[in-house]
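So, here come the structures, one by one.
One chain, subunit A, links the two complexes that follow: it is found with subunit B in the first and with subunit C in the second.
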Partner chain A sequence: MTNKNAPVSLMGASARKFAANRPAVVSLLFLIAVLALCLLAPWLTAHDPVKINLRSLNQEPSAEHWLGTDKGGRDMVSRLLFGGRATLWISLCVTAIIAGTGTVVGVLAGYFGGSADSLLMRMTDVVLSFPFIILVIVVKSVDPDGGIPSLIWTVGLLGWGGFARVIRAKTLAEKENEYMLAARALGAGTLRILTRHLLPGLLGVFIVNLMWTAAAMIGVEASLSFLGFGVPVGQPSWGNMLADALSPEVISGQWWVWLPACLLITGVILSIHFIGEGVKEAISIQERHI
Partner chain B sequence: MLTYALRRLAGAVPLLLLISVLVFALAKQMPGDGLGGGLNPGNKDPRYISDMREKLGYGDSLAVQYIRWLKQAVSGNFGQSFLYKMPAGELIGQRLPATLLLAGLSLFITYGVSLTLGMIAGRNPGSRLDRLILTAVYVAYAIPTSIAAILAIYIFAVVLHWVPLGGTVSVVTSRGLSALGDRVIHALLPAAVLGLFNTAAYTQFLRNEIVENSGKNYVRTAVSKGISRSSVYNRHILRNSLLPLVTFLGMDIGGLLGGSVVIENLFAYPGIGTLFVAAVSGRDYAVMMAVTLMTGFMIVAGNAVADILYGWLDPRIRAGYNGGRS
Partner chain C sequence: MNNRYILRVLAPLLLVMTLVSACSGAGAPDNRGGNGPSAQTGIEGETKAGGTVTYGYPSPFKGLFEPAFYEGEDDLRVLEFITEPLLTVKDDLTTAPGIATWQESADHKTFTFKIKHGVRWQNGDELTVEDWKFALEVIAHPDYTGPRYYSVEMIEGAEAYRAGKAKRISGIRIIDPYTMEIKVTTARVNTIDNLWAYPMNERYFAGVAVKDMPSSDQVRKAPIGIGPFQVKNIQPGEFVEMSRFDNYYKGKPLLDGVLYKVFDDKMIASLFEQGAIDIEQAPRDAYESLNKLDNVKLMQSPDLSYEYIGFKFGHWDAKAQRIVMDNPKFADKRLRQAMYYALDRQGIIDGFSYGLGKLAETPISSESWAKIPEEQINRYPYDPGKAKELLDEAGYKDKDGDGLREDPKGAKFVIHFDSMVGGVNDEPRTEAMLQNWREVGLDVRLNGGALKEMNTFYTMVEEDDPSVELFNGVWGLSNDPDPSGLWRENDLWNYPRWSSRENERLIREGVSVKAYDRDYRKQVYYDWQKLINEEVPMMIFAERETIIAANKRLQGVKVNAYTHIIDPYKWWIKDGE
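Up next, the complex of A and B:
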């Protein structure tokens, strides 16, 4: 006999809630599949995504090339997978930098307040006072030939303003909780209060913003590479593939060059959004329980 | 009200100064002469470089250089464009109207579409139409600008033949009112794509605000007084739901300026965005830094105007602001 009111762990309840959210689960499976395919690309496809092959220019989809070839005779499936490797890697690294810096700055500013808060928030104000893409292009032009690592650092170090603001606002709200006061009254040190009491309360906001940032950075890579300031021309990335799509011959006559890339990129961004929504709802259970 | 407006404007001054410091620091990092454009970045002769640096006053301390540059920038002198051989300020002045037209048109489309869709969805929450609109909003949110533009070009240029392929802007030969009409027609498609993200955000926001407000007490009062449903929605709910949108205006300016860099280049539209990218590619640093400084100032000004408008529309904000500062 099972007890209906048996205690469930919060993690278990959240996991069950997430599993019941069908769009989120489908999105998660889709994203895992795309990640796996991109990671395994060197073993999955025999076609070189970069080398120009003069014997197979602009071919329609066939058994040999499932999604045809582009103007350089390169297999589109292989370009999609290798391009995904570059774009998703950039998005992952940039998101890690933004989430790390944004969390540290937001928590420090929100928890300690005072002059540290003013200084850090004025810094974010200045960075957020420019259109993001313009600031990235200007800063990157100091080091125009830096390649992908320079791109990652530039976007990451300029992009944490919004993240820090959200974390700061949530920290200010969490600080007012009575258990924070209780912890301090019991003699807990600042480090212990921050890691044990404050950070768990930020988890929901953190994850939602993490997902949102990861999705947005795929779009940023696409825009930057399209303008010629992102991934160096010649290296496959989803943004560079979109740039190829813009020539009139391609867009009017070669759907296989641009349509799969558009669908895949939009699908990946949508699925990240859906997973974020699912996690948000699953975590809101925890907040209700507490 | 005037005190509030003045306080808000005065609060923007330190931010403007910080922005100018950042732009100055970046310009100093650029190879060549990022401040005035007087130095040819292609000429690598050390004698030429040292002579020119002396002539341009680069021997002075950074603080002196900064103040001299700021004075010139305030009086509208942003240096010389290296590519176009004319003052950078004048160059921007030529291109700015096109970008303002694009951004204005984009805001117009955003407001029109999102008001309509938001009202429809907000009035019938949970209906099939509501779910359809929300799904469309979700997709519009997720789709990157470049993909939206490619799809728009495919649909309107390749399938429907409404606009020419490869650059949607024809050379304007006529003058006067018909020329303006011509410009507006050619800016429509880029403007719609530029406004897509905002349209999605506004629609979702309005819908949720309307749904939330329709459960409030003042709505129940209005209904019990016998006011018709459409009047309650149009007069009572919509007014309160529209109010927070004003604060979005400040953020929109940044989004529109950044987005127009991508959109203008995608559609070969001759505005600030294409000028900026050409300047970066051609190492025309004076123009590049002038555009950067200008966009920063426009965003700060836009935020201040949005705050002042909001304070004017909602006295509670005004009171909170004055109370917090004095």
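Up next, the complex of A and C:
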């Protein structure tokens, strides 16, 4: 009974701890709202985010277009929502690739040590030392029609180095814990030890890093698109919307073109960080108990 | 444009490649200077010497600073400050005497030119007809790779010289240092319009083989001319510093110098506001923001140019020096016409160019006497319904239900489109075109997912890069309506690589002896325009309106249909503005 209840009450304690963290809760609500709006975009707006409308170029915010239109006569609200889908989808996919690759490499290197460790860590060094932007530009010119999927794969496969290092360090520390020794002494197989005992111990670090990576990838999408190497020109994404601000007339005279995208990028990145902090603190309760 | 290409320039003055949207065209006469004001800043009278003017250009320049070799308006703009042709063009687009005057024999085959005494090169040499002869020989030389052979090929013996069969061009005879006689092979009505009229300093190029000239220091680093400004310093792709040439034959220039500098066009309004640029041919999409500035004057003039969207029909065979029409993709005329009907050209001009442009359907300037009246041609009005009908008829149908048409054999049909980077509206403007075609079910995509810089663009188009299928370019025209240079099967600049027997016949007929009869010649060009209008080897988009923005402190600037660099020795700077 006690055993069964322990995790529940720990979860409860974690949840209470998280709930007590005001910034984290507000951030969570904000993020959920943004996600919901973006996901529901096709039902929320009647305007096509890509379709050029020659009769409504550069319009100020109005009842018809709440946030005005851009230089192609495209409704900014619908571009923000559909752009959010692209940006968040890229962030999500890239994070998944990074977290997946990084965890596997980090755990294997940390747990097995020795030559496996050396090999995997040298690979990580190679990935970390790759000139990131240059490679993205090269891929873009080799495969110009690749679009978003090619961007996701390039960034994902180049970005897992840091993640793997953190996971490896944590694995090295966890490995020395007595419960690991106990598991081994009881005759548990490697796979069981890894999945049932080691991975749960990494959860806290994993989640926090996951959050930070997701936030960072939103920034990466925005900066690559701003530079013209990210999401193909014309497709809505928050980074592409920011790129419109390259024109001085837009920056000084058409705030509605760039300010909302700016605020959303900042808001989403900030809120992910706050949530990450909240989760970190909440999970530390569990870790103390372990 | 950008960018952004060479070839022969025949008839029309100069054919120049220009940027699509940034600058509207550069219809600079190729081998003539323009004169005759159509708009102008300031009043003449109290002028003042001194000061330097910054001339802005939106795309990196190639740096071929010799009239015989340059290709695009990027380099032409510099050449217009540093040198001049020996003949000029009047407002009615006819060629007139300048430094050189001429007499034509009764059979129209012998021309005797006399040039002014005392015209100086910027290195101190005196200009003689030897320099002109040298320029003609360079262009006719077997190793000459530039685009201007057309402007010397009418000279007797030029062909033999080019083939390496003769040591000199037999039709050129020097009588004295200021007199030269040129014989041409056939009497052509536009001989004098086409004849190359820029001199090249023979002594200055001594020891440089013709094939090395485009990369020589004389062209790239220290070009000289006979114009009002001389080159002081060239930073490739960035700027050209020019200073006053005191021995200019028309008189000492008022300005101390001109700085030709490359700027990012997106910044043009703020650069003008800060006074960083004094004069630039402005992108049409900056029209509104420039118009709001108190310190800027905008001058407008119709442009001798047209914007087009060309189809690739084949490639250029460099060995045979002719086109090969071996690409069947756009072979069906109905496909080409359908794409033309599908374009909302007026909407695009109104939306992205503030209406600055005039729809055109044939490649002859509406300023010209040879332009066919609108009612005699198909104007290809925006008509998606008609476009769909034509596509259905041609067998381009959506067979797999994805909303996009497959080709008549049922295979996926994707067309790649190329255009140039220029102003801020390029992206939505291009997107608007792509969507126009998508609306009728054609899957047209941006080649490489992005717009290209002018020089890259024109290089890929000219070299027939296999990825280039549909391309959005601009031609600056010369004064004579003869389409040679851009439309014949042996024209490198025939970028679509399209021709037909009828096309060749009509172009030849337009410069035949019979064409000395203006009415006959006009009819030939009407027929040719009807042919182009029906065949649609390219979708002629519009003629453009040039906007020149000049800081109000700069005085004496005039613009006309070919250029805005007219007599820059008269430009001056007014204090206090």
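Basically, the second predicted complex is superposed on the first by the 274 of 290 C-alpha atoms of A that agree within 3 Å, B and C clash if a C-alpha of one lies under 4 Å from a C-alpha of the other, contacts with A are read in each partner's own complex, and residues count from 1 in each chain.
Heads up, the rule we're going with is that contacts are C-beta pairs under 8 Å (C-beta built on N, C-alpha and C of every residue); 3 or more make two chains touch, one makes a residue touch a chain.
It should be emphasised that the depicted structure is a prediction, and the values quoted were computed from it without experimental measurement.
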Have a look at subunit B and subunit C on subunit A after the superposition and call it: clash or fit. fit
So in the superposed three-chain picture, is A:P248 touching just subunit B, just subunit C, both, or none of them (first/second/both/neither)? both
After the superposition on A, what does A:A20 contact: first (subunit B), second (subunit C), both or neither? neither
Where does A:G219 make contact in the superposed view: on subunit B (first), on subunit C (second), on both, or on neither? first
Comparing subunit C with subunit B, which touches more residues belonging to subunit A? B
Between the C-alpha centres of subunit B and subunit C, what angle is opened at the C-alpha centre of subunit A, expressed to the nearest 10°? 60
Quick check for you: in the superposed arrangement, does A:P131 touch first (subunit B), second (subunit C), both or neither? first
Between subunit B (first) and subunit C (second), which does A:L57 come into contact with in this model arrangement: first, second, both, or neither? second
After the superposition on A, what does A:G73 contact: first (subunit B), second (subunit C), both or neither? second
Once the structures are superposed on A, label A:G228 by its partner contacts, choosing first (subunit B), second (subunit C), both or neither. both
Quick one: classify A:A173 as touching subunit B (first), subunit C (second), both or neither. neither
Which holds for A:G147: it touches subunit B only (first), subunit C only (second), both, or neither? second
Between subunit B and subunit C, what is the tightest CA to CA spacing in Å in the combined model? 5
Is there a shared patch on subunit A that both subunit B and subunit C touch, and which residues make it up? 141, 228, 246-248
For subunit B, which residues count as touching subunit A in their complex? 14-15, 18-19, 22, 26, 29-30, 138-139, 141-147, 150-151, 153-154, 157-158, 165-166, 254-255, 257-259, 261-262, 265-266, 276-277, 280-281, 288-289, 291-292, 295-296, 299-300
Within their complex, subunit A touches subunit C through residues 50-52, 54-55, 57, 70-74, 140-141, 144-145, 147, 228, 232-234, 246-250
Tell me, which parts of subunit A touch subunit B in their complex? 122, 125-126, 128-135, 137-139, 141-142, 215, 218-219, 222-223, 226-229, 239, 242, 245-248, 251-252, 258, 262, 265-266, 269-270, 273
Subunit C contacts subunit A in the complex at 266-267, 269-270, 286, 289, 344, 347-348, 350-352, 424-425, 427-428, 430-432, 435, 445-451
